[in-house]
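Mind having a look at this structure? Questions to follow.
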Amino acid sequence: MRILVSNDDGINHPALWHLVDAIADLGDVIVSAPDRNCSGVGTAMTLHNPVRVNEVRSRVDGVPAFAVQGMPADAVVLGIRELADGPVDAVITGINPGNNVTTNVLVSGTLGAAYAGHLNGIPAMAVSVGYKVDTTDRVLASAIHGAASCLLRHEGQALVNVNFPWAEDWPLKGARQTVPAPRFLEDVTKPDRHGSDEFYWIERQLVEGVSFDSLPADSDVVSLRSGFVSVNSMAWPIDPGRDEQLIQSIIENVDSAIASSS
Amino acid sequence: MRILVSNDDGINHPALWHLVDAIADLGDVIVSAPDRNCSGVGTAMTLHNPVRVNEVRSRVDGVPAFAVQGMPADAVVLGIRELADGPVDAVITGINPGNNVTTNVLVSGTLGAAYAGHLNGIPAMAVSVGYKVDTTDRVLASAIHGAASCLLRHEGQALVNVNFPWAEDWPLKGARQTVPAPRFLEDVTKPDRHGSDEFYWIERQLVEGVSFDSLPADSDVVSLRSGFVSVNSMAWPIDPGRDEQLIQSIIENVDSAIASSS
Amino acid sequence: MRILVSNDDGINHPALWHLVDAIADLGDVIVSAPDRNCSGVGTAMTLHNPVRVNEVRSRVDGVPAFAVQGMPADAVVLGIRELADGPVDAVITGINPGNNVTTNVLVSGTLGAAYAGHLNGIPAMAVSVGYKVDTTDRVLASAIHGAASCLLRHEGQALVNVNFPWAEDWPLKGARQTVPAPRFLEDVTKPDRHGSDEFYWIERQLVEGVSFDSLPADSDVVSLRSGFVSVNSMAWPIDPGRDEQLIQSIIENVDSAIASSS
Amino acid sequence: MRILVSNDDGINHPALWHLVDAIADLGDVIVSAPDRNCSGVGTAMTLHNPVRVNEVRSRVDGVPAFAVQGMPADAVVLGIRELADGPVDAVITGINPGNNVTTNVLVSGTLGAAYAGHLNGIPAMAVSVGYKVDTTDRVLASAIHGAASCLLRHEGQALVNVNFPWAEDWPLKGARQTVPAPRFLEDVTKPDRHGSDEFYWIERQLVEGVSFDSLPADSDVVSLRSGFVSVNSMAWPIDPGRDEQLIQSIIENVDSAIASSS
């Protein structure tokens, strides 16, 4: 099996390499990722400018690594079409430090990279962890390994979004199928200046007045807060019932990984 | 009513101003759009760099115009939070020359700009037209006017995606509620060089072997090919049943605009 | 005569248009300038990516205006080769708010744009003013007009760098031929963060321990501090004796403009 | 001695590492270079946006390597102020594949990086080679080693520009002090399109009608064509008489390196 790994934080981010470590024994892994941090770019593609690639020193023996001067989705498309030695069987993106849930899914470059696999006909999975999780964690690695092995056995299209809770909500209690929570974050602007040069920062923050208590019990946010790994399908066109069987097998595998670690 | 207009082709694109012309009598219009063409960037936001804005010469009297050095979504967020004189009642984006249907929705900056309104709690609508449509067309303007007036009367969140057929499939037969067609486009890479400098272009093209005949009759692609305006909801979390009432009223208004033009 | 006007602060900066106003009666003026602020980019050219241009609304009747998605030097090269209706007789850049003297000349986009004219065989002049000067000032306009008319009468290559003193050193006492002061500015780094995102700002500041008193009397910096307009040649290869005659005629014209204003 | 190495082709370009190899025994070497190819940006600095740095895998043991998301000059300033463990004694940039002579000096990022050292008070040297030279060549390495050792012994400011002839003009005959040839290159524009998207490429080419025969015998271009290494000073303010003693010692050392190789 040939697995393409990408992310949105850039090829130098250590968590990308922790993902590679976690799944390296499942097949031939190749890394194609942006050369710079691209958080927040979602599904953006570079359709109007040349895209360049450099093969760079890999951090894992036997895993070729390509730094793409472009978006996460560019890196995945180039990985599939140009850089891999043969057909790619799965695209796995992450580990993103920061959950991609509720409306964040839409601007997540981790999901954007996974979509680039999915929309080109290759089963894909995005992996994100909550605030302050150690991405070298042994249980995390084992759970990712389990989920990835399901994806590789899967036939047909799929896009699975897997999120692990914040560090404070560990140890993991298990995995659950979830739906995205409704709007929970909003974008705010902060005027700033550097010398006489005026500009804005755009930031995401919790919507004022929205509380965790008001969110659906089966939502991604609530599951994470309860210590459960959130698993759902973002396959397009989006339909909560898609990828049902794959999601169930991932949940079983993640549950096993968690159980065998305690 | 205060209406924010944006697009992804940049503030200099004439079709943006044809949208402004079409809806100018519905309220106080303000334009906040990227200063450069950003096609293909989807929902991307600039969360890690300063974002700058210039007020520029407007092409329509009484409509303030702001060129944002950033993504379509940045332009909308800044428009809502900083540039408009008061609360924005609706975000309308386009007119995009090129349909945003099937999987294209995910990389469309026209939709990305509309999402930025929707995810910040403001009813939003994206307007796109097929290949070679004249964006100054009188029926088009009238249909957009009708759809926009529905959006302005709507209470609560919404994100409506409105597409008009290719020029060759005009005159318009009416409007229909649709669902996004399944994967219909894929991304390919074209190696190229400029002097000794090697790079790739990334392009979208029809998936080999997929034919129009295989697509669902109620899909956006089939409706457009049959000469009907496609209207559906992309409100998040995506659910085909959302915005039902608003969509019906838009369809009625567009139908009226078409009928009264013949 | 056909005059190309550019700058590095971008086509929306009012001081560019004050330069156009000052020289508009000397010939056919065309504006080709970056669409964004490019301060600090010096002579940078875009040799590895596509460069795009939009014709934009001009602020002066009869003066076509082109916004280039690139560097100041790109804007000048495109202006000369593609945008002007015929051969360009002179390139004039500015008005830059901030003097381009001593080592600043090397990173100045105002000079960079002028170099692009000069290196392509067209007489060029860069115009900069000190801190807080009102770029609509009548004497300034008259002095620029005088200098520009000399440049237009000049035969052969040239690159003249004209600087006006800080507002606090006005009224102008006259013009002088100068040499660039030795190193007077240095680059410092300021670590900063935005959320968890760490980065640096690079800034230019006076070299610690260097005083105005230690600088040569005929240097640009000392002349400006004494209330004199600084005029010198930056034609390449740099040679203090170049453009001697042109510089003398500019000095006479600027002196006249100042004299007739008092 | 602490030596900062940079370039404009980016930290992944092999010729940068061949420069490191050539001088590694002369002191503590640190690499701080752009993460992407920045050819043509000259002295450009990033004064209006955050600049980010990643420590990356070095290709030479004991040589720390930093990839800067910015211009060559940014990389040098950050290297001097933030990344090196102590005061930097010399900045050496290259090896640039392509000569930086005549008017090319002004847009060369290799020179731009060297200027960033020089203008911050640190002796600097730019090293470039003509078309098709093998940058692992043993004589080249030995000549660079000789030149670098002179720079390290030098007291006071300096900026030396060293160019090696095209491959076809090898073996090297010796080194010479030169002056920059007058205008020899010009910028041309090539309209191009990608789909419906129109743009320009900007290219440098020989000025039509200028022949090598018309150039001064002591010019950089003529020396290179005759098989001699070109050495001159670009210290600012530019003055052909500057750095005389340093240049002579470099010429002697390069001559020795060449002699001992035959």
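Chains: A, B, C and D, in written order; residue numbering restarts at 1 for each.
Please note the rule applied: contacts are C-beta pairs under 8 Å (C-beta built on N, C-alpha and C of every residue); 3 or more make two chains touch, one makes a residue touch a chain.
Everything quoted here is computed from the prediction, not taken from an experiment.
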Report task. Compute the centre of every chain as the mean of its C-alpha atoms, then state which one is farthest from the centre of chain D. Result -> B
**Report entry** B-D compared against A-B, more contacting pairs
**Finding:** A-B
Query raised in the report: For chain B and chain C, what's the span in angstrom between their mean Cα positions?
Result: 41
Report task. Find the geometric centre of each of chain A and chain B from their Cα atoms only, then give the gap between the two centres in Å, rounded to an integer. Result -> 27
Query - Distance between chain centroids, defined by C-alpha means - chain B, chain D (Å) - result: 48
Query raised in the report: Which residue numbers or ranges of chain B touch two or more of the other chains?
Result: 37, 48, 50, 52, 194, 201, 203
Report task. Classify the chain contact graph as line, ring, star, complete or other. Result -> complete
Query raised in the report: Contact residues on chain A for chain B in the complex?
Result: 37, 39-48, 50-53, 71, 73-74, 77-78, 81-82, 103, 106-107, 112, 115-116, 119-121, 157, 179-183, 185-189, 191-192, 194, 198-204, 207, 236-238
Report task. Would you pull the chain A residues touching chain D in the complex into a rising list? Result -> 10, 12, 35-37, 48, 52, 54, 56-57, 59, 67, 69, 194, 197
Query raised in the report: Across the complex, what residues on chain C touch chain A?
Result: 48-50, 194-195, 201, 203
